[in-house]
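Next come two complexes built around chain A: one with chain B, the other with chain C.
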Partner chain A sequence: MADNEVTLTIDDQTITVPKGTKVVDAAKTVGIEIPVFCYHEKLGSLGCCRMCLVEVEKMPKLMTACTMDVGPDMVVKTTTERVEKAQKGVLEFTLLNHPLDCPVCDKGGECPLQNNTFKYGPGDTRMDFQRANNLKAAPLSPVITLDRERCIACQRCTRYSEVIEQDRALVMLNRGFHNEVGTFNNEPYDTRFSGNVIDICPVGALTNTQFRFKARTWDLTNSDTLCAHCGCNCNMTLGVRTNKFMRIESRPNDYVDDGWICDKARWGYDFLESKNRIMEARTTLDGASKTLPVKDAAAQAANALKKIADEHGPGSIGFIGSPYGTNEELYLYQKLFRQQLGTNNIDHKVYAETPGLPIPHYDVSEIETSDLVLVIASDPTEELPILDLRIKKVVTRGNAKLAVLNDQSTLMDRYAHLSLRYDIGAAAQVFAALANTLAGEKGEVQDTGITGEQLNSLMDMLKSSKKTTIIYNPAALTGQSVDVLKHLLSEIGKISSMECGAIPAAPYTNAVGALDMGVLPNYYPGGVPLADAEAVKQQSGENSPLEAGLSAMEMIEKANSGELKALLVHRANPVVDFPGSKKIADALKKLDLLIVHDMLETETSQLAGIVLPSNGPGHDDGTTTNIGGRVQFRKGGLKTTNAPDWKIISMMAKTLGDETDYITSFSVTDEIAKMVPGYGDISKKSIKKMGLARTAAQYQNGTKPDSAKSQPAKSDGLKLRIASYLFAHDKILDADSRLAHQFKPSTVHLHEDDAKKLGLKNGDDVIVVSGDTQVRAEVEISGKCNPGGVVLPRISDEQGVLGLAGADGISSVEIRKA
Partner chain B sequence: MIQGAFAGIKNLLIGLGVTFKNMVTKPVTVQYPEVKRTMPERYRGRHFLNRDENGLERCIGCSLCSINCPVGCIHVVSAENDPENRVSPGERYAAVYEINLLRCIYCGYCEEACPVDAVVLREHYELADYDRDKYIATKEDLLVYPKPNEFRVNILGNTERVNR
Partner chain C sequence: MFAFSEQAEKEIEKILNKYPEKHKQSALLPLLTLTQRQEGHVSPDAMREIARRLDVSPAYVQSVASFYTMYTLGDTPVGKYTILFCINISCQLNGCDELLDYTAKKLNIQVGETTADKKFTLRREECLAACTGGPMMRVNDTYHENITPARIDQILDSLK
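Now for the complex of A and B:
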């Protein structure tokens, strides 16, 4: 037996568990249940409810199993008469003032209080006085309702707020009989993660306002699915009744979400039943808009693309996919365009990221065992919220240190041991300086906003760490800075005293999958570069096109110049999401044929000649790959008569002569396993429970970027950084969204010095101008970025911030008083 | 032999006694449909939904009847009460309440499960009709408050919708 293990006896069963395990958890490993209320394995012990009393030999009194660590040769009994009497007593006490609400209570059927009472409680009550009454429906926030009568004061929710969220937003107010859950000054409890308290509340006190009184838990058809909002791919349960969406709950998977989901997952699924959904295929090709069967529309779209490709060459058509699509959709689309239409004009993004990393691709759970987390250009709180919780966990409750390297301040800074802020646009130079220093050369950090000393302290942190996880957001890195960063990663990988790995944390749901599936102009699936003609032919057949394709932005340019004639856009909205906005719309209008395959009506779908309906998450099955490279199954839940996306794509392929028959989405998954390097082990079975990490693609471009200078802004205005905001008012969170209370006004963050120069003060209305795009915003003078830059969070589609961005690199803006 | 004959006659007279007695007693059969039988109070016929003393619906939409029903013929969709405009006394009421009377086996489990004595099976037994669709009893059909054994020929032969 190892030193760190303890052997004890629980109810005559001898077990060996790691030191420090609580008796409750130890009992659980051999299937002995000790009832609990206040204990939760992610929150730790408190010992306030006394439900978990057990008898321990040689201890005179009953002990709480949730606070007691296992000890060597301990003998625990959980079913003695004394224990049973105590359990009855505790339950009787807990129920003293508890209302008889079970028939109407939302928790009924899945309520620990109900279950424990049923199993361990007295069959009857001895109370014949009037119980205390309290507020039945206190809104804690627009989405959470608190029934004060049902609260048993277990403090799970308040500890969650303190320990997990690190916010202390929800607290226990008052003492004794008046003890109650609340917030300071009755402010709404509306953090990014507030909804989890509903799941952990052991009674029906904290209820989901959306689900309140809507259905009984046993009436729901729950499908184990994934959240489709960001790259974390958190596991969640979609509750459906009579084909109507009811609620979302968390579904713990320690490799992915550690048991939590964010509020965007819990309340951001109203789009499933949005008025704005595209339900029918339509075409405007012959004049007026008319609807037609999806099958015909798919055939028409395929034939039209083929015709244009035949007439003008395959280079005249293109495909813009989406990092929100599933692996199956992405794979089939790239296959359609490469094999049937013969073009490499395939892309899914407007930032420069390539498949493969010079160091291992870490799973999110690797963060837990790291002792240094280095966050580069990423803002997990807004972009990948559950990653934020994980980082907070290791920093505040583990031994890890946090270093942040960013051009804007983020909420992560509060937890960082070292937080470096470089100037907007200076990323490449900073990364190069760091890489050079690591390689033993001189690192130049002049004009980057950070000092050599700061760089050295980061270096020291790296060198003294045993295991480092580097989290970077490629979507926030412009120009060639991603390449420089990869060079830096390979230099970091050379530190021999340290294990390290990276997590490419682009915020989009399946950004990693899109790279892996080869939805790129210059890489085939699995990161096989076009340059490696042999490998490509071996993988995808002799007829695979080898000519480099156009990137998404190049396609838009060529559309503008008339060289690109036809474009298929799947689940993307370039008009709003691509830099240039209005210019994009103009370019798309010049196309002979624009096909949009999407779930919701967008500015882009309005311009389309053929529109195909996409069912999207909640309806369609498929797999996605999260930022940690874990492939998981995203199950549908709601039924629809429309064909799933993969089927529509395969209809198009069939129209053009492809013979393959897919029966379910897993037929496509099986083909991916066969065809895509790194996905060989992925199958319905292997990803079933926890998902499975795929093998990362090989790193290709190992060139050391030579002249890594900060990118010059186009004029001498202020350099613009567009930041993310989790609850942005877009197509997914529309005006009817339950999260509308989280929408924010447009705000531009200025440095004090710049504000002084411009004569602006807090709250001033301004217009941020670049070229002919103007964005209204309110001034906030904050240290969010270094002087010479502005940070403008993207808070809605209407705001139009992407219009300010240049097609490549950092753009500079002017700020005018409104 | 003679003894045997006497015994035979005696038995015959006992038998005929029953006959004569029945000739003068009131018959148990009734002239249905002109005459309708009064059913015992706890007879399990068609369902009804009760109202409380204030005329509010008793049903709180808890679906316990539905989950207890062995054939799953009850469909309940609940909703939250508007305190200004109450449907039921509590926080929640049944917005939709349907029973498929064709599937029902008249076991009475729903009645037993109901925590507020809302759904009850009553003595109404005339359940024949030509149209299957009429057998989905909705709230309107169920929320009538019939007097015991007072039948009116209407939907499903015996009740009138009185709440609209």
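Now for the complex of A and C:
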């Protein structure tokens, strides 16, 4: 037995568990259940409900199994007469004021109080007095209902707010008999992660307002699926009754979400019933817009593309995919365009990320064993909420240190041991300086907003760490700075005293998958570069096109110049999401043929000649690869008669002569396993339950820049940083969304110095201008960025911020009073 | 808007000096007490201000403040003198209920209320740790033990 293990006996079973394990968890390992209320594995011990009392030899009193660490040779008994009497007593007491609501309570059927009472409780009560009455069904927030009568004051929810969310928004108020759950001044409890309290409440006190009185829990058909809203790919359960969406709950997977989901998962699924859904295929090719069967539309689309490719060459058509598509959809689309239409004009993004890393690609759970987390240009709180919880966890409850390198302040700064803020636009230079310093050369940080000393302290942190996780957001790195970052990563990887890995944390659901599936103009699936013709041919066949394709932005340019004739856009909305906005629409209008394959109507689908319906998450099966490179299965759940996307793509391929028959989405997954380097081990079976990390392509990529030359260009305007905001008012969260209370007003963050120069004060109404784009916003002087820059969170589609950005994401803006 | 008085600010400086920066939330009770003394109540605004200074959430301040009966949460100040009657066992056995009734009648208010002239607030209180001297009442910071109706008359009449 190792030093860090303890052997004890529970109900005559001898077990060995790690030191520090609580008796209640130790019992669980051998299938002995000790009832609990207040204890929750992820929250740790509190010991306030007394439900878990057990007898321990040599201890005179009953002990709470949830607070007691296992001890060597401890003898625990969980079913003695004394224990049973105590359990009955605790339950009788807990139930004193509990209403007889079970028949109408949403928790019924999955309620620990109901279950414990049934298993361990007394059959009766000795309570003769009138039960206390209390407020029933009070809104705790627009989406959570609190029934005060049902609350047993176990404090799980308030401790969740304190320990997990760490903002103590939900607290226990008053004392003794009057003890109750509440918020400051009765304000709504509307944090990013509020919904998890519904799942952990052991009674029906906190319920999902959306699900109230909708269905009995045992009548639901549950599918184990994934959230489709961001790159975390949190696991969740989708509850369905008679093919109607009912609710979403968390489904713990420690590799991914640590047991939690954010509110966008729980309440961000109204789009399933949106009136804005594209339900039918339509075409305007033969004159006025008319609907047609999906099969015919797919054939028409494929033939039309082929015709244009034949007439004008394969370079005249292109494909813009989506980092929100599944691996299967992405894979099939690139295959269609490469193998059957002969073009590499394939892309899914407007930033400069490339597949592969010079250091290992870390799974999200690696953060837990790291002693340094370095966050670069990423804002987990606003982009990847569940990652935010994981970082907070290791920094405040583990021993990890946090360093932040960003051009905007984020909530992470509050937890950071070192937080460096460089000027907007100076990323490449800072990365280069740090890389050079690590390589023992001189690192120039002049005019970057950070000092050489600061850089040195970051270097010291790196050098004294044993294991480092670097989290970066490629989508926030403009121009070619991500390339310099890769060079920096390889320099960090050379620190011999340290293990390290990176997590490329683009906010989009399947951004990693889109890179892996080769939805790129210059890489085949698995990160095989076009330049390596041999490898390409070996992988994808002799006829694979080898001519470099156009990037998404280049395709738009060529559409504008008339060189690109046809474009297929899958689950993307370039008109709003690409830099330039209005200019994008103008370019798309010049195309001979625009095909949009999407789930909801968008500004782009409005311009399309052929529209194909996409069922999207909730309906279609498929796999996605999260920021940690973990491939998981996203099951549909709801049934529909519309063909899934993979089938529609396959219809197009068949129209053009492909003969492959795919039976289910897993048939495509199997092909991916065969064809995509790194995905060899992925199969229906291997990714069941926890998913499986694919093998990342490893490259010594990244270029060492000449730091003297990469000085940020001086310009008159203020440098613009567009910040992501997951709860933005877009197509997914529309005006009717349950999460509308999370929508924010358009705000431009200015540095004090610049505000002074411009004569602006907090709350002023201004117009942010670049070229002919104007965005209205309210001024907030917040110190969110260094002087010379502004931060503009992207809070809605309507706001139109991307119109301000240049093609490479970089831009300067002017600010005028409205 | 709530603001600490100049004198309170000096006190706060002294109080905060007692705790390491990392543990400044330990100053929560003293700051609540200062507020209660200054305003006669603790308003949401005041709680927000305390939260800001101690770097905790306003909800946490309210959670702590609402645990203790010596803070009057809300927007209504208590009277100049707060009279607290212990109603726990020793005082109860020695007739605190009658004395409390007597006082309420004398002040012409219900228990829990404040007199119209804002001079007295009358409240029940749990054990005030003066069991040997029960029945007892506390008027602001002064304990009066072994009280009788006559003593109550005398005490209240003496307060200006």
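Convention: the second predicted complex is superposed on the first by the 804 of 818 C-alpha atoms of A that agree within 3 Å, B and C clash if a C-alpha of one lies under 4 Å from a C-alpha of the other, contacts with A are read in each partner's own complex, and residues count from 1 in each chain.
The rule we apply is simple: contacts are C-beta pairs under 8 Å (C-beta built on N, C-alpha and C of every residue); 3 or more make two chains touch, one makes a residue touch a chain.
The model shown is predicted, which means the values in this text are computed figures rather than measured ones.
For the composite obtained by superposing both complexes on chain A, the positions of chain B and chain C are free of clash and fit together.
Taking the C-alpha centre of chain A as the vertex, the lines to the centres of chain B and chain C open to an angle of 80 degrees, rounded to the nearest 10. By the touch criterion defined above, A:R216 reaches chain B but does not reach chain C. Contact with chain B, but none with chain C, is seen for A:P103 once the two complexes are overlaid on the shared chain.
Looking at the shared chain after the overlay, A:A531 reaches neither chain B nor chain C.
In the superposed model, A:A132 lies in contact with neither chain B nor chain C. Once chain A of one complex is fitted onto chain A of the other, the partner contacts of A:L546 are absent, as it touches neither chain B nor chain C. In the superposed model, A:A818 lies in contact with neither chain B nor chain C. When both complexes are overlaid on chain A, the residue A:V30 reaches neither chain B nor chain C.
For the pair chain B and chain C, the model built by superposing on chain A gives 30 Å as the shortest CA-CA distance.
On chain A, the surface touched by chain B in one complex and the surface touched by chain C in the other have no residue in common.
Here chain A touches chain B in the complex through residues 103-104, 108, 136-137, 212-216, 218-219, 242, going by the rule given at the top.
Against chain A, in their complex, chain B makes its touches with residues 60-64, 66-67, 77-80, 90-92, 115-116. For chain C in complex with chain A, the residues that touch the partner chain are 44, 47-48, 56-63, 66-68. Residues of chain A touching chain C in their complex: 167-175, 182-185.
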